[in-house]
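One structure follows; several queries about it will come next.
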């Protein structure tokens, strides 16, 4: 059994009293790229924010939710129960860091790039300016930027692609072991996307990192992910290796997602999108949240919500497969 | 090199603006029915002074004469302003420029003293209101109190404080700028202390009535900055909340409302007309309110021009310092 | 009546950036570009951000005056039209913008906004008649049942619904020519497909012509294999051809690089693709002399740096601007 | 072209909205009530329900007499510096204060919006000219200029509400014009303006049908806020003794209470000092609260959030 780095168990999150995450459970193994995939509003970013404990004030995490993190020396701590000061000092950016979705807006417009590095170091007790400058310089070179010029310029003077690279360098600054990538390439052109992706994979090898990729871009998942979890309406509906998901998808929503992505050369077949509209958390349908848009919806789907069950090297939440598992 | 050209552009624009503003105001004054020169002339004629001598006197006092076309008087007056000759005061019979020279320093001291207090308190209160928002009950109470302060005109507050805190309970000095016995040469430290003591009540009046607008716009600005991605990113990087409040929330909130300093400066400067006259403080404000009673037009218009000049300089200063603080301003303008 | 509904000839669009006190530097966002759109056909305009594709689209809609060049509507230049002719052109050329949030006035209810257009141009004698037109156009774009949306404000709609409203607004005047500027970029994958299907049916049923601006090459495939496509980079058209030729047999190095960079939803393809172009795209201010791609092209030769290659036809409606294939 | 309001739930939603507003900020309810009192008083004076002021009776024994129940309710606050009933003088002061405040606010908002829209939307040379004018007006302090104009104006013009309202708003429209101009500039870049142009709408329709509709809540709020500015100026000038002592301006009452009534040392004129102060402050307080709630009611997005339909 490969050693686990992060284990999330029964994670529930409420905005005011609306449930946006329901019993989300998964494990991320050391050294892999674990992808959380789903359309906008399915709760994937909320899951990432819950791990790094930067949910907005109006958010509340369920009592029995657990997020275990395995430190280098082997012992495991529940991140949700750690006191804020200790969590900020030991976990944030030293163990877990994050590349934000709006990378364009993640740098303080009134501070130079180098100040971002100094203040992050200072807040973790590293005061030695030369050491910090050298480390920052090294990282910016690693992300193929003109370190000298970039360190002394303001965020507004950098292009979108350059800001993205600065954010990545900043994320690796305190040698974290687990990096969450929240939609790292959405706002970028396809050529720049390509460069950022290959850069991220190089850095993963160089610094022995584990990635959690949050994205709605199916093709990007196929490109770099090892294991994939599909999320819909705040729940994981299917999780397995990237080969299983792409070559043998089981859950109707996964199948629909894969079909809606254009492939080079298929001129005739027009992709059938999903009927109906995205789920509204305020009045989710009873039973399986996907049943209004599902071709195979059965009577039971409208009444009982399927739980996430093991099925071979795959986990799935769908009544179509419930009998199969019980027969085995 | 870029910053320098940006500065020159700002300064030249300001000079043009100054010239336009002075000219337009003079034209408005000349154009209103009941032109001051005519008023003066009728005054002199009533005293039996022959016509052409009276016209001469009017020109000596006010700088423009009743029967010439508006633009001639305008030209003459503007030339006078440029050469520092703002005409003679009717009531005191000494050049207006001397009167103003005596009063100006006091008003500048009073306005900048109140402005700095207002901005400092406004920013702090605004930040606190945004950061704690609806949670703390005291914040809601502060909101209510600030709204009440916002609805009291400063001249009413001046009257109340003057009558009660000053005259009735004698807690704080309420007339004059310093103790008559004190003089700057004899005892400079004592003099300064006495001035500050005398100015406590007037400054309180100014600060209380102009603080709310600062607190409200600051808290609105800070609330929107708190939602920005870079604040969440800073929290994620484990930055202490003290650091986030100061160099993230405060710094990014102050900049957009920084230009409000110039407007507050103008508002305070105008407020001196009521506050200085109420507390009998020397300054342009009281000079203006005294001379309005006796219709001393040369002084009134002279003080007015100085006020506008002070305000335009205030604007220029805020623009220049704004450019230095916020890199975006310089870069954006290119 | 020429069979081109819209024709752009040698369009140059010049923008200025003020560098210091009085001096300012000009750059051509669109540099000597020509484009023809036949009646009832779909033309795809592909390029990354900053390539000038949206600018060109706006010029054909007379939302932007070009520095040089001409735009013809059914053979007549729109800049030399009489008032009536121009009004006819105006009502026949409509626009579907990209960002569903910025493209609709959030303070006007859906029904009111559409009704306003009909009444403003007196397309119907009275309000009852006008409402019929509004309801029918809403049905045609999939906002069904219309009455559920009439009273809603745009911010109460989802991204997909807002884009459909945007299309309805463009259709209501029954135009001959529509420019759709990346209408699907802000939408999720499943909604993209539905919207493209609606656009395709619209062109087929109403016989209007569509200029579809996008940076997602693969989406253009859904408009049928023989859809005309033009690839733009830094204000210039580098390659023209049908989508089938472009996808399966790209010629220009830039098109090849674009195709190579598109992530393919298949894990096996994972390690086959490499980055073709060197370095980041230059800013339009300092475009290289000669061919615009000369500084990044792996096959660049001395001639590419000096002389700018012209678009020439190498086979029936297949054009390339590159010295290697001249 | 007035389009019939589509929401057939018209009546119901406005009532529900009112309840929600009150639940959210009780101060708003109180302010609406206070303002309606002022308006009722003004109407009463205008249609003659309120008796005219009796002739002035000077003499130390007549002025600032203590409150009495004589021909109720006018003497309940005693008499003012002219020997006439204080409460009656204050009530009779309401219409001119409200009228001048509203007129001045109207002038401020109309000029401000028109100039801001025109210079923002048209741009080019028109924008440069208009922005210079706005720039100049921004620097000229309204109250200072109106102070001078009031001195110069002959008496009969000084008390005429239209002239007074004009002087009080001579440059107060400048900050609104600047705000409207910057808002128009940012809205002009948005796509829905390009679409409006392709739909063949005229610039006039775009300016008022599309752009102004976005700003309507902000402009309505500025209208009420500039009323407080006008009241400040109107009563402030009187307090400086620039208004004829006969005028029914509340500022004159305070001026007289301090100067003539010896409020400095004796409590004799205490009612004459405090009643106008309270009347002015209450009016300003209610206007500020209403302005703040105005934005929430008129902006459909905020309104629907409030109603919970979101």
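When the chains are written out, they are named A, B, C and D in that same order, and each has its own residue count from 1.
In the analysis below, a residue touches a chain if its C-beta (ideal position, glycine included) is under 8 Å from a C-beta of that chain, and two chains touch if they have at least 3 such contacts.
Keep in mind it's a predicted model, so treat the numbers as computed, not measured.
A centroid comparison over C-alpha atoms places B as the chain most distant from chain C.
Across the two interfaces under comparison, C-D and B-D, the one joined by more C-beta contacts turns out to be B-D.
Centroids of chain B and chain C (each the mean of its C-alpha atoms) stand 54 Å apart.
Centre-to-centre spacing of chain B and chain D amounts to 23 Å, using the average Cα coordinate of each chain.
Residues of chain C found to touch two or more other chains are absent. On chain A, the positions that touch chain B within their shared complex are 52, 54, 88-89, 92-94, 97-98, 100-102, 105-111, 119-120, 123-124, 154, 156-157, 170.
Put simply, chain D touches chain C in their complex at residues 1, 3-4, 6-7, 190-192, 194-195, 197-201, 205, 209-210, 213-214, 216, 299-301, 304, 309-310. If you check the complex, the residues on chain C that touch chain D are 58, 61, 63, 87, 90-91, 93-95, 97-99, 102-109, 111-112, 115-117, 119-121, 127, 150-151, 153, 155-156, 166, 169-170, 173. Chain contact summary for the complex, chain A toward chain C: residues 39-40, 159, 161, 189-195, 197-198, 216-224, 242-243, 246-247, 256-258, 260-267, 270-274, 277-278. For chain B in complex with chain A, the touching residues are 228-230, 232-240, 243, 247-248, 251-252, 255, 325-328, 331-332.
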